[in-house]
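I've put the structures underneath this note.
Each of the two complexes below includes chain A, the first together with chain B, the second together with chain C.
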Partner chain A sequence: MANYLSISDILVTNEKVPCKFLHDLPKMGFLDPSAADDDLKAGTNVEIPLWLAESLYTRRPPLVGVDLPKIYKETYREILNADACTVDMHKLGQHFYELGCYIAKHDIKGEVATTLVNTFRQRFRMILSASVSTDSISSFQPLSASERDRTAAAVITEAALSGWLKRGDCPITTANMVANHRKRKRAEMEML
Partner chain B sequence: MDPYEIEFIGENRIVSIIPNFSYDKIFLISGEFGPFRAGLPMNVPLWLAVMLKQKQKCRLVPPDWMDMDVLENIKEEEKLSRFFTKMPNEHYMVEAKLILGAASEDIPRAAEIKTIIKDIWDIRMSKLRTSMDALMKSGGSYGRLDHLTMMEINSVKPLLPQAMDELHRMKMMTRKSTPATLNTSTFSQSGSSQNI
Partner chain C sequence: MFGEKVIELLKEADRNRETIDQFNDEKIRQIIEEMHVLFKMNMDDANATTENRSLWTTVQVRHSALERNKRCLLAYLYNRMDKIKTLRWEFGSVLPPDVRELLADSEYEWFSKYSTNLAKYMRSLGEDIGYSGIDLTENLRPPKSLYIEVLCVTDYGKLELEDGDVVMLKKNSRHFLPTSECQTLIRQGQAEVRHIPAVTFPPCLRRIGCASRASRIRSVA
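Up next, the complex of A and B:
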């Protein structure tokens, strides 16, 4: 999953997390947009991207302490544990699950992990119903990015199945692979 | 997989027909069939039977399980049992669709058979969906889905394995609390390359 070149991984680790700096950092004042002077004092709270936070966290001694972002804190965890299906995940955090996996390592109590898993399980039902619904736009709306991908795949399968059930005979069409192959050949020939 | 691909696989099943022409043995890639004698029943693959029927060269004999009583029994069993019952045939949906599509006049009470097979299909699909949901809610790691035909398995194909994969990944990633990852230099360039 954590592939260096994976686009979704890059997007996920670009999310900002609130951190507290544990040491004084000279000349790093530009990281905090509200700081006045050049140096960054210990104890300032800054929002920095996850990739930066992780690399600063893993040095010995750790330069930052990572806090949980808002959506993984107590209040939202309560809401998610109560009923995960009513939450608009797209608004809360598009990469909720992936970011949660990274964040869960910094969580002392370990409750983020259980919340993540529970939310995922409960929302599976939403994905199921979204895949067979006809109004795709409104049913896709509250899903996170990865949930949307899965639902799109399920929608395609459902459509293919119901199409097969309705039609009597199988219309013979060119396979996608073959059609693209021909187009590429034609393009190559035109270029020469 | 496309439903058409499963239909293709299902078309290879043997059914019995009564040709109305006479011909010698034919040698196909999948085997030899023949000789064709008008009026005598013989076994051929389903695709060949449908093709001959469309050219009006044969009459299809309904398979054993395509009988009202047998199907009624199956439907009752399916309704009562919590799990999936054994279907008469791995590809009952494919066979039913093709035979009833091409040769409905050869099958007695074809319309009723159509309805009852559709009922069985609907029962199994809804059972499948509820059991998928129960599977995710309970643990998401192990589920029992025996006696499912290929077409039904195909309908959950991209969704269920991907979802279980994601769940497994989340459990794995959050379980490994990396306490002291010293300078093992897996984080050379960016902190996101925490390869698990």
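Up next, the complex of A and C:
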């Protein structure tokens, strides 16, 4: 398994996906909030976390069939293909691309994969041009988690580059973790 | 639902990517307890599968949950270990007490071992050509000048330089010191000395900076 120790991958695999159970599951009724029974019957549709779905899907024979989450369905794909930059990614899917990579293999026609690439291409240009100029990133639609990280990294790199071009030397500063630790300590002190 | 506690634990860790948190042993104990319960239930059901074949699917679901919990716990410990490694490079070999108490005992043991290993390696560097080691945690960026101007932000006290001179570092006093003497103080922040960057640059460089930025935007668009 790739990224076994990555916290962000663990958070991605915690997202829920709709699944159809193909076998009876005794004592597992609590997985379906609407069921009163103790047992989970074959054919029930339940939203379960991706990690559980993936692991049950890879068993022989598979215990579940994985369905596409709403945001990767035809209607949303049309919106994204039309203009991805107008979409509120924060609300739509915090981990849109990462989850999409897992989901794409359950889409037989392969349209999810093309949508992911298209969306990324459209939005990447928007993010890049905003991070090299100094106008605020908050002026456009909210970003997904990985986009936010990428933007922050781009802004830091840009600042470092222009600093280097102007000054040509790199001042010694307090180490990152030390500075952050002290900032937090100060915040805690002020709270007391 | 399975694995909810462990996600809380990881979300907490993810929120503070830049600093290290208190080791959450209470939550870890709860998670391990949850895993014991799951394992026990699985043992019972696995023994019962001879009469009731359909229980086999349930065992598989619980087994996935166990594996998931294990993965999350390992990820938590691994990410902390990474941060502890950074602590050695940024705080130095002696941790301030308020940082020390954030670590669990076994983590502190790991830190001491890592610190010893690193020190041993740094001492061994350059032995064959007659040097007695290099401090790798110094000069992480190429030093630009032998002397730098610094501003003390708290009362540090006396600082003895290599040539025997003693400098009194008082709050809000400015000094012109050898880079090698004071950069550790700046990095570790404990001496509260702040580097005042020299602001002399030829104007032509500034123009190049702006032009290259604009041309990069153009090439992307």
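In this text, the second predicted complex is superposed on the first by the 150 of 192 C-alpha atoms of A that agree within 3 Å, B and C clash if a C-alpha of one lies under 4 Å from a C-alpha of the other, contacts with A are read in each partner's own complex, and residues count from 1 in each chain.
Here is the rule we use: a residue touches a chain if its C-beta (ideal position, glycine included) is under 8 Å from a C-beta of that chain, and two chains touch if they have at least 3 such contacts.
These figures come from a predicted structure and were not determined experimentally.
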Original post:
In the superposed arrangement, which partner chain does A:M89 touch: chain B (first), chain C (second), both, or neither?
Top reply: neither
Original post:
In the superposed arrangement, which partner chain does A:A153 touch: chain B (first), chain C (second), both, or neither?
Top reply: first
**OP:** In the overlay, answer first, second, both or neither for which of chain B and chain C A:L63 touches.
**Re:** second
Original post:
Once the shared chain is lined up, is A:V117 touching chain B (first), chain C (second), both, or neither of them?
Top reply: first
Original post:
Thinking of the overlay built on chain A, is A:V46 touched by chain B (first), by chain C (second), by both, or by neither?
Top reply: neither
**OP:** Have a look at where A:I127 lands relative to chain B and chain C in the superposition and call it first, second, both or neither.
**Re:** first
Original post:
Between chain B (first) and chain C (second), which, if any, makes contact with A:S8: first, second, both or neither?
Top reply: second
**OP:** Would you check which partner chain A:K27 touches, where first means chain B only, second means chain C only, and both and neither mean what they say?
**Re:** second
**OP:** With the two complexes superposed on chain A, say which partner A:V17 touches: chain B (first), chain C (second), both, or neither.
**Re:** neither
Original post:
Is there a shared patch on chain A that both chain B and chain C touch, and which residues make it up?
Top reply: 4, 10, 51-52, 55-56, 125, 128, 158, 161, 165, 168-170
**OP:** Note which residues of chain B are touching chain A in the complex, please.
**Re:** 2-4, 7, 97, 101, 129, 132-133, 136-137, 140, 151, 154-159, 162-163, 166-167, 169-171, 173-175, 177-178, 181-183, 187, 189-196
**OP:** Using the touch definition up top, name the residues of chain A that touch chain C in the complex.
**Re:** 4-8, 10-11, 14, 23-28, 30-31, 49, 51-52, 55-56, 59, 63, 125, 128-129, 132-133, 158, 161-162, 165-182, 184-185
**OP:** Show which residues of chain C lie in contact with chain A when the two form their complex.
**Re:** 1-3, 7, 10-11, 13-14, 18-20, 45, 52, 54-55, 57-58, 60-61, 64-65, 67-68, 71-72, 74-76, 78-79, 83, 86-87, 89-91, 98-99, 141-142, 144-145, 148, 179, 183, 186-189, 195, 197-199, 201, 205-206, 208-209, 212-213, 216-217, 220-221
Original post:
Residues of chain A touching chain B in their complex?
Top reply: 1-2, 4, 9-10, 12-13, 50-58, 60, 97, 100-102, 104-105, 110, 112-113, 116-117, 120-122, 124-125, 127-128, 131, 146, 150, 153-154, 156-158, 160-161, 163-165, 168-170
